[in-house]
Structure formats: structure tokens, C-alpha cells
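Look for chain A in each of the two complexes below; its partner is chain B in the first and chain C in the second.
Now for the complex of A and B:
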């Protein structure tokens, strides 16, 4: 188990390294004009100086080496150049992370509270009215682009419920709409998968056995079927949790939430290389941790699954 | 053997032969070529069964027809009388642009904030957005299937492609989308490229997993032993098995692409304003949404977009159900 984990972590680090290289190279393909707000008025000399200052005139390998040397030896992510001049990236990111984490955590909590019971009830009343209602909701949420229904929620939410349109950290009412919008996708996702897994499970023999024994329908659903159906669900939970915590780019910029998500678009447009790399590093790390945690959850929840078995020994 | 010579059996046999003479027992049937072949060949056709299964789903059938009509109408609309050019700024009697005009008999859906006819723009936008969606779906399917089949079928490639997959899958899609859209010039090609760059990965993994499962089924082993070439096995034995899921993924990636386009436009990296798309229109509408009288500029494109995406989603689901041979009668 430990050996497996060790290998897995090493591989993740390798993957991270490659991702960073790819993004590093991609970022350096961006047009030079973008680095200087007053590009038109600059002389040749000034341009050369500016590029030299950023180290962009060096060969790619040297730039890469310098970046990783700073990152690994000093834990230094570089300094922001344009977003906020000469401020270390870590300093800019630090106050933004808690906001995104709080929003994401609230949203996940809400989606689990709504999505999981919804999926369970849909499986229980399969083929009946509630199931059709839920399916309709899921189809709508999955088919209509999020970018569109977020707008509708913002529009009618602010108008009919008189909730402030823009987000303020100290005003809890202004949290309602962003959290609700962020949750809708997750709710549909959880409900859909939980229903599918539960329907699969309830065709199995142990359910028939439980029914023969005379166990009540509710007891079968919640004590037997739900627990088993939750195991494959658990694999996705950490990833979806972390993804939500990272922040939804669209929602954060719609409600002007000072979180992580909106920042990425901003810094890409401003071509702030150090910031882009730092955020990509953060996102990719979080994604990889999510995958790892998902597998761990499965092992913890279901004693039949083990990391090291190669299939067939049970 | 002794059992067969049971006395009772022998008497029965004698009784039979006595009762009926040989020519009474058997008569020659007239030979008919058609009847002789009828039982040998099944009249089961995969595609016919698929379509008949699909036709039984009334809602999906309705949506499919609706979608085809929409698609057709986007091409017919410019030819109808009394239509405007989507980029033409209409002027009033005094020569000023007709800004934010409410819907009336001339401008059926009103005009936008610089005086362009919204009705014409919506249909041009639907055409462009559908074009983007369908192109992305086709490219994704082509690349995804090609890579997926190689990945699943050729063992030597498995390790390296899995590693590449791990890397690509861990780069957040949004980042790639934004970076590609930003590095290249805005335009139709860029948008399609940006979405296809990330989209094929999911398809490839999916095809690969399926191919791994059925690659070593007995009928494939048999084919290989008989010397069937790899490409023929892939084309004839593997891919037909995957049709239903491939179609489903393609149908779902069309609404996905249309949605991504809205998103890219929102962050300002979308199509230039003279090429209208649903993303452009929704984004224009969003800027005006706080004044209730101009809200129609957001609502009309939104309705069209929702109809298109929901239709594709439902039709895709229904078709993949119908394409699954388990659901054939």
C-alpha cells in the first residue's frame, strides 16, 4: 500500500513537471506586444531592455531551468510583473484562496445535501413522476450551457429576490446566488450518477435476499443500496470538491468575486507569465491530488477494493 | 444399445410401417430457390433496426425534426423576402441608426444596441454556432477514434499514450482553451481549434477502454488466426460495436462546444463582432440585461440556444439507446 502510494506520488510529480513545461512553453508563444501596455510608443532600445528584464531573450531551456531552480530550491513562484508590479505571486494569491475555498465548500455542501437525496429518491421512485421530474432537471442543467443559466439566475435572482448583484465578503445574502449557481451543475451530476449506480445495485441478488428476509423498502434503499452505490460516487467527490473550490471562472467574474477563478482570465489577458504559471501549478496540483484522494476514498469505503491487487485474486 | 431394442419399440415400428407405405410417408416438395435461402440469411439489418428503435421514441423524433427544420431554416432565412443583412445598421427617417428598437413588424425581434436587425443576427448566429459545434464534434470524433483505436489495439503504444494522456488530462481544459484562443488570432478557425485541442482526449480514452475490452474476445482472436488484417478487424469487428457510444459523445459535444463558445466570448477571446454567433449575441444581451425593456436582446438568443442544445442532448441520448443492439427487437 505504502509502496504503491509512493510510486503514485512520484508519478504525479513527474506529470506536474511535464504540465508545467508545456504551459511554460505555451505561455512564451504569446505575442510580444501584449507584454507592454504602451507598445506603440516604445523605441527598439526600450523593447530590447524590457524583454531582457523579463529574461525572454534567453533560450527556452535556460528560462525553464531558472524557473524550476527557483521553484524547487526556494519555493519561489516568481513575482508578478503586470497584475501588480513587483509583488511576489504567493502574496497576491494568499488572500484569494480562502474566499474561493469558502465558496466552494459551501457549494459542495449544498449540492450534496440536495443532490444525494435527489438521486436516492429518483432511484426509489424509478419510472414514476419524481423520477421524470428529476431527469428533466438533469437534462436541462446538462444540456443548456452553464454560461447561459448562470446569467438567467443572476438576472432574475437579483430582480425578484432583491439580492445584491455583486458579491461582498461581509454580506452573507450576496453569497446566495453564486453558491446556488455553482451548485446546480454538481447537483445534477451527483443525482444522475447516484441514480444510475443505485438502479444497477438494486438489481443485484443481495437486494432480493433482503426483500425475502422482509426488510422494509426504506431500509433496503438506505442501509444496503445507498452504501454500495456510494462507493463509485466517492471516487469523483474529491475531484469535484477541489474543482469547485478552485473556483468557477465564470461565476467569479460575473459576481466580481475576488477569488482564484476570475484571476486566471485576468492574468492571461495581461500576459503576466509568473502569475499564469503559479495558477496553473496550483490548479494542476489540486487536480492530481483530487484523483489520488478519489482512489483513496474508494479503498477506505469498500474493503473489497485494494490498491495493490492486480485483479482476479478475489 | 440394449435399451434401443426394447420390445415395445419394435412392435411400434412394425405397426407404423404396416399402416403407411413408404410413398405415403414421404412426398417430394417442389424446389424453390427463394424458400431455400430464406432461413439461411437473417433479414436483420443493424441500421434498419436502429432507426426503427429510434422512431419509437416520439419525443426524440420530434426534436430531431425540429432540429433539422432549424438547421434548414438558418439557410433559407436570408432568401426570404423582407430580411436584413445581419451586419447592416438600419437607419430611421432622419438617417440616425435605429438603436434598441422594440420588436415590430419590420424588425421582428427588434434591433440591437447599434441598430442591427436581431432576427437576422439570431439566424446567422445559429448557423455559425451550429457550424462550430458540428465541426468540433467531427474533428474530436475523428482524432479521438483514431488515437483511441491505436492506443487500445497496439500494445507497444499503450504505455506511451497512457503517459501522454495523464499529462494532457491533468492540464485544466479552461487554461488550454484560453491560451490557444489568446495566442492565435480571433476567428472561426481558432475557436474550433481551441475546442478540438482538448476535446478529443475524452473520446480517445473512451474508445481505448472499449477496444481493450473487446479486443481479445473470441471472434477477434478467430479473425486474427484466419489472417484478417488489423485494419479490417478494427473497421469491421471493433468500430461497429462502438457506434452507439461514439454517436452519443458526438451529440453531446455539440452543445458542449456551443456552450464553450459562449464562455470564450464572455472572457473576451471569442469571435470578432462581425461574425455573429450565439455567444456574441448573448454577451451583447448580457450588457443590457439590467434594463427590463431591452431584455429581449438576451432572452431571444438564450431561447434559441437552449432549444438547440437540449435537442442535441436528447436526440443523442435517444439515438445511443436505439443504436444499442440490446434494445433491438
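Now for the complex of A and C:
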């Protein structure tokens, strides 16, 4: 197990390295014009100076070496030149990350607290009123564009519940609407899949045996079916995890939340190479950790899945 | 003869499928005696499993008992205040399983009174729970056992079903065991419930021949040890011969012949039983094709006129197509539902091949 984990981590680092190299090289293929907002008015001399400042005139391999040297030896992510003028990237990201992470984590927690019981009850009362109600909710959430119900929640939430419209880190009440909006999609998602897996499981032979044994319906649902249905749910963990840091561009702009929402797109548009690399590094790391956690959870839940056995090694 | 423990009278079960009605059981009469082993044989779709599912209240959702009663005598007066409870003409308290409506009432019967070993041991165990947990669960549900006590009892039961290294198996998961072992675990779960009646739904179909024999031997042993009444559902006549005291032959949702195992094997009276026995591969002649019953069972969506087997029966009489035969008693323990036993019927000899069964006798009751 430990040996497997070690291997997994080493491989993850290699993956990160490759991702960073690819992104590093790709952003350097973008046209030079993009780096200078006032490109039209610049003289040949100014351009040359600017490119030299950014180190773009050096051979690719030297640039790459410099980047990794700074990153690994000094933990230096570089300096933003365009998104913000001459501010270290770390300084820009530092206050944003915790906000998005907290918001996302709260939302995941809330969606699990609501979505999982909802899915369980839907499976338990399959074909009855509660199931239809839940299905209606899921279809509504999946079919209506998120932006629409985000707006509705903001409008009525602020008007009827008198919750402040703008987000303030220190005001817990102002967290309610964004977290709720962020959770709706996940609630529907968790409930839908859990219901589906639980219905699948409850048609299996071992459930019949449990019934023959004399176990009651509640016991069968919670002690037998739930855990077995939860195993395939583990594969959704990495995505959920990733979403916590990426943030939601809609929600963050609706409530003026200073988080990470839409930041990557923004810096790509502005061709801020150092920012792009740093954010990609962050997202890739979180994604890989999410995958690892998902796999670990599967191993913990299902004795048939093993890391150490031959053939179990992925 | 022992006392009756289960008494089925005029049982009709229908399934409702997209507005059509399938008449799966057409008036079953059956008595099961305490401590016996009864085999129910018949081809697929004859209603063997449906009949037994009624005993544990696990009929499929679209199925319903439309008529009849299933009196279970094992609970003494535990069901006195239940609408399904009652006392029969001899003053014996019973519980009518056909009348049980509430889930909670079934929980008092399933497992602890009547238990079943399902067909496929490979899929019948929960893959995510240890063997020990699954057996202890039964102990907890029916005897309130917990902790060390439950563990000790579980280990004891594992030894009882001849699982080696019980202490090790206790912590293992189903996927770590072989098919035969899993079948023993399923049996262990049934034993842990300590039922009075054990229904074995084709307990050996999924196993290879050597394991089959071991499992049957084990069941025989447990039967005498725990004074179990066992009902075997099977289409393997070899299993029947080696374990059953009595045999009921089912065809198209009805019991066409029932009697002691010897009577069914040596003196069968119903043409369907003849046909069934003739298809035993042991009776085949070298160089000749094995016997197979021609035709297919009747469609149970339509009302059956007369004897259900008439259309496939080479000895069918005119009346077979018109009216359903009643039961004719052959001996106090043996009766068959065929007009051939009527005194007005012509004399029809059973197929000569069946005589070989007598000479093969040893093979039947080995």
C-alpha cells in the first residue's frame, strides 16, 4: 500500500512536470502583439526591450530551465506583468485561494448533506411521490441554465430573506446565497447518481438473501445497499474537488466574490505567462490529488479493489 | 407420519403483466410434514419457485395470491393476536401466510421460521461485507446476539458447515472464497437463523458434481441435527433420489403427482412423471437418442381446459381435453391427477424403460 502510494506520488509529479512543460511551451507560441496592450504605438526599440525584460528572447530550453529552477529551489512562481504590474504571482493568488476553497468546500459539504439523503430516499420510495418530486427537481436543475436560477436565487434571496447582496468574508450570512447556488447542481447530481446506483444494487441477489434473513427494509437500505451504491460515486470526487478551487465565474461575479472564478480565462486573454503557469500548476495539482483521493476511497470502501495485488496496479 | 407443519390449500397465484393475467399457480394442495425432506420437481416455468416464494412473502411485485390458504403451524400461538393467526379444526394454532399483509409480520417469519437458500451462491453474498459480519447479522436479527458472543457462535456455525480455518474465514470477503465455500456460507447464514423450514432453491445447480455431493451430504447432516424440514426445488432427479423422502411433481402451475420417493420412482402413475423419468440419461440406450418430452408447456396466459399435459401426452384420453382430472389415491401416501387412474379408463402401461429404474434401484437411493 505505502509502496503503491509512493509510486503514485512519483508518477503524479512526473505528470505535473509534463503538464507544466506543455503549457509553458504553448503560451510561448502566442503572438507577441498580445503582450503589449499599446503594441501599435510602440517603436522597434521599445518592443525589443519589453521582450528582453520578459526573457522571451532566450532559447526555449533556457527559459524552461530558469522557470523550473526558480520554482523548485525558491518556490517562486514568477511575477505578473500584465494582469497586475510587477506583482509576484503568489501575492495575487494567496488571498483568492482560501476564499474559493472555503466556498467550494462548504458547497460540497452542503450538497452531500442534502443530495445523498435525497438520493437514498428516492431509491427507497422508488416510483412513489417522493421519487417523482426528486426527479422533477433534478430535471429542473439539469435543464434550466444555471445562470437563470442563480439570478432567481439572488433576486428573491436578497429581497425576501434580506440577505446582503454583496459577499463579505467576515459576514457569514452573506455566504448563504452563494453556497446555496453553488450546491444546487451538485445536489441534483449526487441525488441522481446515488438513486440510480441504489436501485441497481437493490435488485441484486444479496439483497434478496438479506430479506430472506429477515432484515427489515431500512436495515437493507442503509446497511447493505447504501455503501455498495456509494463505491461508484467515488469517481465523482476528483471533479467535485477540482471545482472547489476553480470557483464559479457566474456566482463569484454575481456576488462580487474575490475568488478564483474565471481567473484562468482572464489571464490567458491577457497573455500573462507567469499567471497562466501558476494557475495551471495549482489546478493540475488539485486535480491529481482529487484522483488519488477518489482511488483511495474506492480501496477503503470496496475490498475487491486492491492497490497492491497484481493487476490491481493501475 | 409426522405432524403437518405447512398446509397449502387451493392456492392460486396470478401475475399481472401489462393488462394480461398469468395464472402461475392453479389450485395447489400440499402438505409438508415436520422433519421431512420434500422435493418439488418440474421443468422451468412449472411454478416451483413461485410456490415457494409464497412461503417467505417474496412474491414479485406484480404477483398476488388470488385464492387459497397457506397454514403454517410452526409458530404455535405467537400469532394469536394477528389477523393472519387462527386455530384449525383439531385446535392447532396456525398462521395463514396467505393473509399476512404487513411487512413487520413477515419479518417475524422470514429467517427465523422459514428460511431459503437462494440459487446462486456467487451473487447471494454482499461483496462488501466480511463473511463473519454476514453470519453475525442473522444471529443479531433473530437471537439478539452481539459482540464476542455472536463471534463465537459464528465460528461454531462455520465449523458446522465444514469451513476450514473459521477464524481466518471470519475476516474474509466473499470474493476470496470458492463457489462451494460460498454455498456453505449461505447455508451457514440459513443455519444461524435457526429456521424450522428450509427451502433450497436448486442448491446445487451452480456447483460442479463433486461439490454438489458434498453440499447435499452437509444438508442431510444439518437436517437431522437441527430437525429441519427441507423443501428442495430442483429439476435434477439425481438430487431428488439422493435426498428426498417425498416428491411432488409440478406441471403448469399444478402438482400432478405426489408420493414417497420410492413410489414416484418405481410406480409413477401420471404420464408427465413417466415422461420426466424417461428423460433420465441413465435410462438411455446406447446408440439411441435420449428421450425428450415433445412440445412445450401450455401458455399460462390463457385458461387451461382439461388436463394441462393432455396436448403433449401420447396416452391422452378424450376427457383429458375436456375436464381437469381430480386426484386419485394410489396409496395413502401417493396420489396423482390423471384420468388414467379412473376405473373407466383403458389400461395403459408405463413406458417399459421405466422398469429399468427398479434394476437401477441402487443408483436411486445410494
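Simple rule for what comes next: the second predicted complex is superposed on the first by the 274 of 314 C-alpha atoms of A that agree within 3 Å, B and C clash if a C-alpha of one lies under 4 Å from a C-alpha of the other, contacts with A are read in each partner's own complex, and residues count from 1 in each chain.
One rule holds for everything that comes next: a residue touches a chain if its C-beta (ideal position, glycine included) is under 8 Å from a C-beta of that chain, and two chains touch if they have at least 3 such contacts.
Just so it is clear, the model here is predicted, and its values are computed rather than measured.
Visitor: State whether A:72 touches chain B only (first), chain C only (second), both chains, or neither.
Guide: After superposition on chain A, A:72 lies in contact with neither partner.
Visitor: Could you look at A:62 and tell me whether it touches chain B, chain C, both or neither (first, second, both, neither)?
Guide: neither
Visitor: Would you sort A:143 into first (chain B), second (chain C), both or neither based on which partner it touches?
Guide: A:143 sits against chain B, while chain C stays out of touch.
Visitor: Touch test for A:15: chain B only (first), chain C only (second), both, or neither?
Guide: So A:15 only meets chain B here.
Visitor: Answer with first, second, both or neither: which of chain B and chain C does A:151 touch in the superposed model?
Guide: Touch partner of A:151: chain B, not chain C.
Visitor: Look at the residues of chain A and decide whether chain B or chain C touches more of them.
Guide: B
Visitor: Overlap the chain B and chain C contact sets on chain A and report the shared residues.
Guide: On chain A, the chain B and chain C contacts do not overlap at all.
Visitor: If you look only at chain A, which of its residues touch chain B in the complex?
Guide: 11, 15-16, 18-19, 22-23, 26-27, 29-31, 139-140, 142-148, 151-152, 155, 249-250, 253, 264-265, 268-269, 280, 283-284, 287-288
Visitor: Please give the residue numbers of chain A that touch chain C in the complex, ascending.
Guide: 204-206, 208-217, 223-224, 227-228, 231, 301-304
Visitor: Which chain C residues qualify as touching chain A in the complex?
Guide: 56, 58, 103-104, 107, 110-112, 115-116, 118, 120, 123-129, 137-138, 141-142, 173, 175, 186, 189, 193
Visitor: Of all residues in chain B, which touch chain A in the complex?
Guide: Against chain A, chain B makes touches at 166-167, 170-172, 174-175, 178-179, 182-183, 255-256, 258-260, 262-263, 266-268, 279, 282, 286, 289, 295, 298, 302, 305-306, 309-310, 312-314.
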